[in-house]
Structure formats: structure tokens, C-alpha cells
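Pasting a structure below so you can have a look.
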Amino acid sequence: MPNIAASFASDAAPDEPILAQYERVRAQSMRLIKGLSAEDMMLQSMPDASPTKWHLAHTSWFFETFLLQPHLTGYQSFDDAYQYLFNSYYDTVGERHPRPQRGLLSRPSLEEVIAYRHHVDEAMQQLLQTTDAEIEAAVTIGLHHEMQHQELLQTDIKHALSLNPYALPTSNTTRAPSQTPDSADFVEFEGGLSWLGTNAESSFAYDCEQPRHQVFVPDFSLCERLVTNAEWLEFMADNGYQRPKLWLSDGWATAQQENWQAPLYWYQQDNQWWTITGQQRRPLDPNAPVCHISYYEADAFARWRGCRLPTEFEWEHAARAMDLKGHFLESGHSLPQPATSEAKGLKQMFGDAWEWTQSPFSPYPGFKTPEGALAEYNGKFMANQWVLRGGSCATAAQQMRLTYRNFFYAHQRWQFTSLRLAK
Amino acid sequence: MPNIAASFASDAAPDEPILAQYERVRAQSMRLIKGLSAEDMMLQSMPDASPTKWHLAHTSWFFETFLLQPHLTGYQSFDDAYQYLFNSYYDTVGERHPRPQRGLLSRPSLEEVIAYRHHVDEAMQQLLQTTDAEIEAAVTIGLHHEMQHQELLQTDIKHALSLNPYALPTSNTTRAPSQTPDSADFVEFEGGLSWLGTNAESSFAYDCEQPRHQVFVPDFSLCERLVTNAEWLEFMADNGYQRPKLWLSDGWATAQQENWQAPLYWYQQDNQWWTITGQQRRPLDPNAPVCHISYYEADAFARWRGCRLPTEFEWEHAARAMDLKGHFLESGHSLPQPATSEAKGLKQMFGDAWEWTQSPFSPYPGFKTPEGALAEYNGKFMANQWVLRGGSCATAAQQMRLTYRNFFYAHQRWQFTSLRLAK
Amino acid sequence: MPNIAASFASDAAPDEPILAQYERVRAQSMRLIKGLSAEDMMLQSMPDASPTKWHLAHTSWFFETFLLQPHLTGYQSFDDAYQYLFNSYYDTVGERHPRPQRGLLSRPSLEEVIAYRHHVDEAMQQLLQTTDAEIEAAVTIGLHHEMQHQELLQTDIKHALSLNPYALPTSNTTRAPSQTPDSADFVEFEGGLSWLGTNAESSFAYDCEQPRHQVFVPDFSLCERLVTNAEWLEFMADNGYQRPKLWLSDGWATAQQENWQAPLYWYQQDNQWWTITGQQRRPLDPNAPVCHISYYEADAFARWRGCRLPTEFEWEHAARAMDLKGHFLESGHSLPQPATSEAKGLKQMFGDAWEWTQSPFSPYPGFKTPEGALAEYNGKFMANQWVLRGGSCATAAQQMRLTYRNFFYAHQRWQFTSLRLAK
Amino acid sequence: MPNIAASFASDAAPDEPILAQYERVRAQSMRLIKGLSAEDMMLQSMPDASPTKWHLAHTSWFFETFLLQPHLTGYQSFDDAYQYLFNSYYDTVGERHPRPQRGLLSRPSLEEVIAYRHHVDEAMQQLLQTTDAEIEAAVTIGLHHEMQHQELLQTDIKHALSLNPYALPTSNTTRAPSQTPDSADFVEFEGGLSWLGTNAESSFAYDCEQPRHQVFVPDFSLCERLVTNAEWLEFMADNGYQRPKLWLSDGWATAQQENWQAPLYWYQQDNQWWTITGQQRRPLDPNAPVCHISYYEADAFARWRGCRLPTEFEWEHAARAMDLKGHFLESGHSLPQPATSEAKGLKQMFGDAWEWTQSPFSPYPGFKTPEGALAEYNGKFMANQWVLRGGSCATAAQQMRLTYRNFFYAHQRWQFTSLRLAK
């Protein structure tokens, strides 16, 4: 891993030592399993998802493999078999357990996996006693990697529990109705040549956000806020799911095959629409942003409204002026929140829900795959996926950046995904 | 359930009251989970199999549904949702949870399922304070049903753990080599008209074993013992898995598709063949009966040896004179044992391993589907399956009868299945 | 092929020389393609079926491979590539073209295939100038083989044309309504030990019909005639296709997956049921036997009527006393005909439609696979298939025998299959 | 269809009346079926492809549906059923025959389809006696549509015949070795803001090429010529197909699943590589451009060479200065030809083979779906496909434009696809 330091600098905040960061992020992972049993944490409900226990182990495997084994003299691996069991897709590191069978790993037990975390954490504390730029850079990657898995951990267990009719209790607390969002005016932006992306000189960024480069962005306008559940119900009432002309050809085929009639997790009961939030079933909030939709659905909705989705360049161009604040993981919301501010201008750009853009996930001009064992990172996924921007209520705040490019396949719905209209 | 009493009598042994039987069988189920964690007991490795936890709950559901709810005044169900979750295939009783998703039931927890068992057991003790022929008959079915699930519980968890490379430790105890079996002489039987099956007048039997009827059985001979692992290795060495002319057409297609090269659970390491026994990996015992083979493999082996498989009528005809003794579940063996007796004559007819017969699972002449809620029992499976006879080391001794007909699809291998040659 | 003569004698009729038989059967094949274009004859609508052109070529390949090449001195093959293209499943003869791709054989053209037939026919005429028992026996197999393919040719092209909405004109001739069948009384038969099957001593029979052996057949009764379309409409009106309790478990699963609501080829238009006959669409004749049903449907219907399907032993026992007469291929009917005779007793036992029996296709006691290149015949299909008896309107009369065992999978519907009730 | 005239002008050459164009293009289609039988023209070897006969009918259906029926008074349709059979994907025009079953259309016969073409042609001659701008615009679309199908017709029948081991004779003419291409220097281009796309003001262009818009293109360089077969053999010799690190993740999965080891149609025989050209099998020409590769293979090759694929913007920017000349359909070559010119500079930009670009097929800024029945054209395919540029030896010269965007899925290989390296 000799080239890590070359490819980006550590983003350690001036006042937070790397060890403190490490402890903070690692503790966050353990907070996310609150309310889950060892049995829950074994669930794998589809090949795209992984068991909670696997996420806990895999993120520790990362530190063991890329930090402790090469850099901590005398380090003893916790269990050699874990190399095979908890590798994800790093082909260069060796064979790995087949992804769709992660749900069959009843052994090691949760207890052993937690012991593994402690084992790794203690060794990491030892390693981080002394300062080393290269090591700090690699730890920074490991922490961002763990934050990514924190989000997946939340979406994966949500999907798994949603399939068990017995698992989730119905909310019986009466809730005050949320405030109706203000108008959904469009904010106009003047186009031109714009510098986008980053060179990651002074802080961490993934390979795919690099390098900083110029793009010509024509004039455009963005809606102030995300599309709401109430608006989505209008789309459904207008037969949005039944009209092929609104859909991309691949999207229509998928919607028919999967029998999509509403966003994921929505269901109707007693003449009311319900959804799943955190570990409860709860009536749909009409004022909250629509969530758990595929790219295909987002695209069809935009077409229905005579609009389109923004490009990732428009999004980044527009977001540059804004504070990087929003409802992130730390806010404690398990679903995106209604836009309640009366102020004019863009809202919900950061946090709440990922925004599908119309930009396929492609390399930036001058993109280079970093060398070394961590090099397999993002470049090999640059086909058939779409860029999402802005983060969600399941994203750690520290993970987010203006230039952050998330990406998923157009048919995937289990992430906290929403849309903002553009013209 | 008014017709149960009409269709068969209770097989309560003269000296064992029904409550004592109930407690004995139910306790046996709980003994089988020794060494398994709550996480292990959630595993479902294929649609054919069910999680251990599900078996524990479903067998209790049976007593709750067919005994307690209709017959115990004032009985309170443990949890109404269990009706849906733990129904297996009784269409008349209502909707049921989809079979391939049983592995997603992290909730209810193992703890809750065990509490469910206790709840049912306590109510059953109350119900069985008084004697009632109809109730005893239904309890008898429930106990035989539970014994069937005890066998499935063992084979299902064996399959699930086999897929986890980490789960099963390697045996490190040195074992004395088992004794080489004596000759494999054939015992000749004179044919003729034979009465087979049972009318279940004085003891319990399933619908498919009824009625007693006449069959003309030509002269035949059976091998004294089951085929051994050593003999199977000869078949493999003679390219048995590579010669289409030895195989049924469907069998050859399956073997190619599944890439069968040896019985299930066999693997080669350090120039030695290994297999899985109980919760360990252990070197193959050449003298033990071959086990975990499909009907297709059994049939190909027999053809290779210039023999054939017996019919179920030949088997029953030959077994009638024998004591119903053998290595059953209670013997504590986790694999079939070598035939070591020096006496001449049939061995291993009962226990050790199920014997594939060449008889498709068909209705006996005069077969009638019993009426009532328990009526869906076996008749609807009378297509595309084959009869196996004799029981295995995972079969409770009480479950076995001369007339017992087990049945599986020709491609299935995860049961304790073996073969005996016939001519 | 040295053992053919040993395994059965020729069934040449006393007054029809083998060459005359050859010419008669071969000419029959060519008559069956009347009305079909070269394009029609290329169609393969499912892997189970083959193109007409392939049937014409494959039956010629049989004579070239098993008669001309080994026995006619100086024989020149028509085209060496045909060995590969037109082999069906004779593994011993070499590689073969993959079955599901037979529809891609636009080349050789129909014209070339017909030239191939002529080439083979001329050489066969030469070969059959002299008499030789072994050769006559092999030719006899070849002719029975060709008659089997004549039936498949008809059912395969019917299936293919049925899928083209444009292919089949609607009958516009007014037809007199057929006569309503008389009662459907049951004829009782006394059981007992019965000799069934044949040793093929004096005439041809397939391996699977051999040897003659004893079976104990209990008393039984058979319905005088086949089930009619009108009776099947009653089954449909009584929700026969919607009630799982009437169905075998595998049958119910298939019916749901394939969305069966009526027999194959039935469709409703203008408040009337239509079906396909020959090369036309025509209103359903309520008095004709139901046709194109699977074993699963036949079994469900019988259960609905409180009856069952006969065993093949009952069928053969009952048919023994009857003349081998009926509506076979030569009668020119493209669908089974109503039973119109006023006489009492069994009708439609031969011809009209194949009758599903409840007997799985299994080896008779003492069954031996014949040796030699033709040995792969029927034994390897003895799994998962059911015996059908009696022949159909697409069966050549000469092909039929009392002991003839046809066999298909339980889900297959494209043959001329029907049912007779038994008790 | 009222808006067609509004959206683009006719591209009728100044000196070629629209009727002359019509006759020329229609005659070209008929020339392409030379050497094909009616049986060949029925072949459909995969869902992506269509039978030759279907292409001939569908292109006529287009003129009948969009020109004759709305515009020619008194026009009599040839056959009403053709509306259903030969619609492709125009949802607004009504139901259509399922695409994967096009190979089952033995009826109508080829003869009838050719009569259909004549019928349409005669009516079109009548319609085009008078001049009308709107009609000319629609005819122009129809002709471009037919030229697209001419290319598909060629690639589809090539694929179908390739699967028949008997269909294609081996070339037995000795061929002089082609000239080795000169160096493969890179030509450098200065970047900057570039105007790309077209507004289709003075000539025809598809919706997806519009509107003309500005893009910022960084400096780049392109290889003078396409990658050759000899270079591809080096990639194979260097284990290009076995090294996951060279591949996109989706590409690697596809390559494993499809067992790709070489471009489509390549096979090895007698220590030589062969491929298929036109209607022959012929030794591979090492100097000709590689052809029939997927996007995934093109991308892996470029990575192996330390290069990348060009964007479609780079390609268009570079091609703008060039004459629109090359080996198109009219040149009579059935495979791309070696680059033999000794001149420096870009070669093979037009014709020979389509060049995969790294640009996903996305809407241009300001893209608008045209209204009317022809509106379903290209917009709905803007997901998961990649842009290809430049045309091939199967593309009609008139079809090509600087701004033409062809598009296919990344896994597809049956088109004449190649690659040019970029840096």
C-alpha cells in the first residue's frame, strides 16, 4: 500500500487526532445495532444486501488487512479464516466467500465478531500511538469505508426486516401532522464553464471525485425542494405506473416484471398508505420527501411533470454556495424530513435523501485508478450505474462532501433515494 | 377433525400413557438442538430445507392448531401471528408464510419459540389429563409428525452448516479403523402373492401405507448389506460419474448440471476423502454404507454392478421376518455404521440409512384420502417421488414400521439415503 | 447391431414383404407434410418439439446409420454432416446437434432433405432385394421408429402453428352437431393374477413391453368411454382449475406457474370455446373426448369426479378381449371423435386419444436393456414419466399393440392425450 | 403526425427527387437477401435479433402505417393482420407480436411478404407523384429507418447462420496477405469549448442528435487507426480475458458467465484463427480491425494498453474536419478493411466498423422528445446503452452523418463494433 499517501492527503480535522476519529466512527457502528438481536444481524434478504454482522466484521477486516498486518509489528490475526469470510470484492487480496451466501454465516457468532472488533480496535490503538502520514491516510480511507458500510447496514437491515410480516410493530403514537411544504419554486442558475470535482489536495476524497476539471454547464433551474409523498400520490393517481410513454424502455420492463405500483415499502391498509420507518410501520407523511424509488421511477415522475432530473454537474454547481448542513445520520431521523423552512432558495440539498441525477457514473476527464491494494476502489463500477448526490438521513455527516458521488443501478430502491426536479 | 378416530387407532403402547409419550417425543426434539446457537437455528440453505427454529415452532403449531384450539376450553393462543408463520402446507388451515423465506424469520426469536413450546406443552398436559380416543389419535399423529420433523431438522441443519467453510471443526481424534464387512452375498427369496401394507387397525400408520393389499412378487434376491463407501469409490474410479450409458436420462442431465462427482458432503483433501458427520469433518470410513446419494446415483451404481434396486414390495416381503431393530436416532450415531455381524442373512434393513427402492410413490389399490383438516397428508405428493424404506440413524425408533413409506424426489441427496442391491 | 435378431422377431405381415412395408410407411410420412411450406417445416416452438424437416431427415438418418452404412456394400453417404445434424439421442453413435437449436437449421433446405430421403429410399430398395432376418428385424425397428416420429411430426407442427396468430384460418363451414354420447356406465372387471406384457416372440415389440410377466390386479371398473369436452367444461365451471385440494402438489405448482385455465389449444372468443384441429380453428365439439391435457389435469378431474385413473395393468387386462380397431391416423381425423355407438361396453380403447394411466413408466420385472447400438432405446427414460395406452388419431394403426406403452412427463400437453375414469 | 415537418427538414439531395431516393433505398434492401432462402430468412437466433423476412415486412409496415394509411386516399391495406405482426415497438400504434417469437412466423410466407413490399411500393409511387413537404419529411424518416434495418438485417442473419455448423462453407480461395498497417501514432487535438450535435435545420437527423450545444472538451489524442486483430491476439496472449483487474465489474461478470475467450465469431481450427465473413468461414486477417467486440472488451483492451476509449464529444470534435468517406455498405466489404494508406492522420473514422465511445447514451442538454406517432423514437432508450460512432461496412453511406449516434448495450457483440484508442 505504498502509494496511498501519494494519492490523497488525510482529512483529519485540525483539532481531532486520527485516533479520536477512529474511536468515534467505530463507536458509531456499534450504536447502529441497538435493538437488533444476533438473529436479526444474520439476515441477508437479497444478494445486493449483506447481514449486519457481516458489515461489522468486514469493516474490521479492512483495518486488519490494510493497516495491522502490514504495519503493526507482531500483530496476531484474530482468526485466519476471517480473511476469506469477510473480504468483499478486493480481488487482489485473495479468494472470498460468495456474496449471496453471507446469510449462511451463523458462525462465527455475533459474540465472536464483536470480540474481533475489540481485538482490532486494541491493536489499532497501539498502531496509532505514533504519527505517520501514510498510515493516517490509510486509516482515513478505512473510516470513510466504515461510514459507507454504516449506511448500507441501515438500508440492508431495513430491507430484511421489511420482509418479515411479524418483525415490525405498528406505531401507535399519535403524531402531529407535519407542516405542508411551501411552494416548490424553481431557482434559476446561470450556466457557463464551471470547475467541478476535486484534486483532494487538502482533504480526503475518493478516486472517482478526481480530478478537478472544467465542464460547460448550460443555464438551468432546480426546484427548491425534493418531491414529496403527496406529489407522488398524484403521480400514482394519474396512472403514472401504468403509462409506458412516461418510462424509459428498460424502466418499463423492470416495473412490469417487478410489478411496481408504488415506492418500495409502501403498502395500503385500512384505506391509508403506510411505510416503514426505523423499526416501525407508520402512516405515510404526505409532506415528507418521497423515498426508496428507483432511477426509473424518478425519471418517469420528472417526465410526467414536464421536467427532468438534474445532471450531477448542475447539482454540484448549484450546491457549491451552500453550507454542508442537513439531516444526516447524527440527526436521528429514520426517514427524510419535510422541508419546513419558509425561506426561499434551495433546501434539502444535503442530507434527508440521495438525489438521483441523470448522469451515468463515468470517469472524469483525466481520471486515474490509484495503484496499490486499495486501487480497486470505484473505477470498476463505472458502467450501468447512476450518480446520486447530497447524502441522506443514513449518511454520517463527516462522510459528505460537495463532490461526493454515490452510485447505484437504475433499478435499485432500497437506499434512501429521492429526486429534485430540474428544467 | 371429526374423522380422525375413524381412520386409524392410537398406537399408544400398552404401558406408556399418551402424556408420557408426548413428553418423551417433545423432549427428544429439544435434545437435538444441543450445540446449536440461535444463529445456527435460523439457517435455511435451500428451499427444500427449513430452519431448526422453524421446525421447533411448526411442530408446536400442529398441537396448538389441531388439539388445543378445538379441544381445550379456554385455551389462549400464544401469538396469533404464529398461525401464519408456522403453517407448512395445510391449505385448508389458511394462508401461510412462503417456504423459501423461512430463513428470514429472525423474529420471533429462539427464546420466544422455546417459550411457545413451553406454552403448548403446559396446555397439552392439561388437555391430556382426561382420556379421549379421538384426542389420543390426533396426538399420535402429532407425535409422528414431530418425529418426522426431528429427522428433517437433523438433515437440514447438516446441509446448512456444510456450506459454511468455517462452521465445522475437523476431527482430530484418531479412530481405530472399522472392521471390513463380510461378503456381500445375495439372499434369495421365493416370490408369490404377498399381502403388503396395513389397515392400521391396531396401531398408527399413515394413509399412504393403507390399505393392506395383495401384490404378486416374482422370485428375487437381495444383497445382505448396504453398498459401502469403498464400493462407491470403485464406481468412481471406474468413471461411473462420466458414463452416460449407466444413467437414467433425467439423472444424467441432473448430474451434469449439478456437476456431481461424488456423494453429497464428500470432498478430497490431502489425498484423502472426507465427509461430514454430526458437527465435524472426518475422514471417510470405507466400510460404512455410502450415504447422501440421489436415486439417480443409486440407480446408476446398481446398473454398473449388473444389478438393480429392489421394489418396495420386495423389500417389505423380505423384511417381514426380521426384528425391527437397528441403528436409529436413539443409538447416537451421526452416520450409518458398518455391517460387522458375522452372521449370514440380511443386515441393516432397519436403521442406518434409508434404502432407495425402484418403486415410484403411488397410491396402493383402494387408497383413500382421509377426510378432515389432517386429510392433506400424503396423497398429494404421489407424483415424481420414489419410495425409501427402513429408516436411518436420524429416524426415531418409534417412528419406524415394516410398512413405513418414506418418499423423496430422485435428485435429492440431503437425507440419509443409501442403497441395497437386488437381482 | 448383431443382437437385434436375438431380441425380437420381425412383425412382417405374412402377405406384406418388408420392402412393401418400407415403401408404405415412408410414403405415409410424405403425405403428412401436405399443406406445409418449407418455412413451416423449419418451426421449432419449444425444446420438446422438433421441426418437421428434422423429423423427415432424422428418420432417414436412422436407416442410413443402422442399415445402409453397415450392410449395403459400397453405400455412399448423402452428406457426412448429416450424421451430426440428424442424430437424436443415440449417444453411442457420436456427437449430435443440440436439440433446442434444431429450429436454426435453415440449411440443409427442405429440398435437400427430400433428396436425402430419396437417396436413402433408393439404397434401401437395393438392400432389401435379398432376404435376411437380421436386416428385416432392424428395418422393422426403423419403421416403428418412423411411425413414432409421424405422430410427433403432427403434434409438433400443431404446437408451432398454434403460436402464430396468423397461421390458422377459422373454419367457416357449418357442421352438423355431433351426436351426444350415450351414458358413461362403468364396466366391471374381475381381478386376479394376470399375464401382462409380451416376450415379442412372434412379432415386434419395444424393450419396455417385455418380458411377459404376472401381476395381481384387484377387481376394478372402467368407464365405457373417454371423458368429453362437455364434462370438462363442467369441471371448469366448478372451479376445477382453482381448487388446490383436487390437485397433486406438483400439478398445482405447474398449473399456477403456467396459468392453466383450460386444456391446451382451447380459447374463448365471442362467448364460445374454440380449439385447433388440423390446420384450422374450429368451435369445440362438446361430445368429443377432451384432448391435450396433462397427467396433472387428468388426475385432478378424476379426483373431482370421485374416481381415479386406471393403472396400465387394468387397462391392458380390460383391453385384451377387444379388437385392435379405432380411429387411427389412417382414419383421417385430426381430433378424437365422439363415442357414438349405442352398444354397451368399452369404447375408444384404441385410437382417438392416448389415455393417461396412473402407472409411472417403470421397468417390468426381468426387464433387460438390449445390447448393441439400438440399445439406448427406452430404459433410460424410466423416471418421472407416466404410461399412456391405446394410441390416438395421430398414431399409425400398424404401430399399435395391446402391450404398447407410450410415456410422457406429467406436465406435457401437446400430445393427443385424454383420460378414462376408473374406480 | 402533424409535427414532423416542424422538427426537421428533408435531406433530399438537391438533384435526387424523393421518389428516386425511395426506389433506391428499397431496392438496396432487396439486394441484401441475395443468397438467402425463404428458410434462412425465417431464422431468429436470439431475442435481440429479428428474421430477415421480418425486417423486409416491418420496413414496409412503416410506410403503410405512417404514410399510406393517413395520406393516400383510398389506400387498401395489404392484410390487416400485418398491423399486429410487423409493428416493432411503437406502443402508440397498438398491440404487437411478441419480439422473441418473430422466428415462429412461418406464415405469411416470404412470397407474401415480397408481394406486400410490391403493394406498398406501388402505392408509394402513387403518393409521391405530388410534392408535399410534410410527406417528404416522413418518407425521409422511413428511408433512414429502412437503412437502419438494412444494417440489422445483415448482422442478424450473420448471427443466425453462424450457429448452424452446416450453413457456411469454408473459403477455399487463396488470398494475398493484406498489407500490414503503418504505425499507430496518436494525433493530438487541442480542446476547448466545442459546438456539437445538430439542429437538423437543413437536413435530416434523429431526435437524439439534437440540439446543437456546447461542450467543454479537454485536450486529447486519438490513435490514427482502429485496433487490429493482430493487436487483439496480443491481448489474448497476455491473458487479457483472464485478468479481472483489466475489466469493469459488470464486464468481468458477463465475460465469465458467457465464457468469452475471444471476439464473437472467432474460433480456432488447425492451429489457426478463423472468423466469419459474409457467407463464408475464412482465416482471420491480422491486419484488419478487430470486430464484433462488446463495450466491456473494448474497455478492457484500452486499459491493458494504458489508454482509454474516446468520448463521443472527442470523436465528433476530431471527425469534423474529415470527409465523410469510408468503407460503407456500398463498398461491398463484408468485414472492416485494413488501414493501408501511408498518409499520416486519422483513418477509418467513417465506415469499416462502429467505434465504441466511453459516453453513455444520454440526452443532450435541451433534448426534446418530438410529438406525434413517431415520437417514441430514441429517447426511451437513454439508459444503460453506450454511444458508437462512425458507421460500418454494413451501414448505408447515406445514413451516416458527423452527428450520428448509434447505441447498444455494453454486452452486445453482434454488430460490426470495434475500438480506437484515446489518451
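So that you can tell them apart, the chains are marked A, B, C and D in the order they are listed, and the count of residues begins at 1 in each.
Here is the rule we use: a residue touches a chain if its C-beta (ideal position, glycine included) is under 8 Å from a C-beta of that chain, and two chains touch if they have at least 3 such contacts.
Here the structure is a predicted model, which is why all the values come from computation and not from measurement.
Participant: Work out which chains are contact partners of both chain C and chain D.
Facilitator: Chains that touch both chain C and chain D, as defined above, do not exist here.
Participant: Sort the other chains by how far their Cα centres are from that of chain D and give me the top one.
Facilitator: B
Participant: Take the average of all CA coordinates in chain A, do the same for chain B, and state the distance between these two points in whole angstrom.
Facilitator: 47
Participant: Determine the centre-to-centre distance between chain B and chain D, using the mean Cα coordinates as centres, and give it in whole Å.
Facilitator: 60
Participant: Provide the C-alpha centroid distance between chain B and chain C, rounded to the nearest whole angstrom.
Facilitator: The separation of the two C-alpha centroids amounts to 38 Å.
Participant: Give the residues of chain A touching no fewer than two other chains, as numbers and ranges.
Facilitator: none
Participant: Among line, ring, star, complete and other, which one matches the pattern of chain touches?
Facilitator: Topology of the interface graph: a ring, with each chain touching two neighbours.
Participant: Report the residues of chain D in contact with chain C in the complex, numbered from low to high.
Facilitator: Residues 37-40, 42-43, 45, 81, 84-85, 97, 101, 103-110, 160-161, 163-167 of chain D touch chain C in their complex.
Participant: Looking at the complex, which residues from chain D come into contact with chain A?
Facilitator: 89, 91-92, 193, 213-216, 218, 244-245, 247-252, 295-296, 299, 308, 358-360, 362-363, 365-366, 376, 380-384, 410
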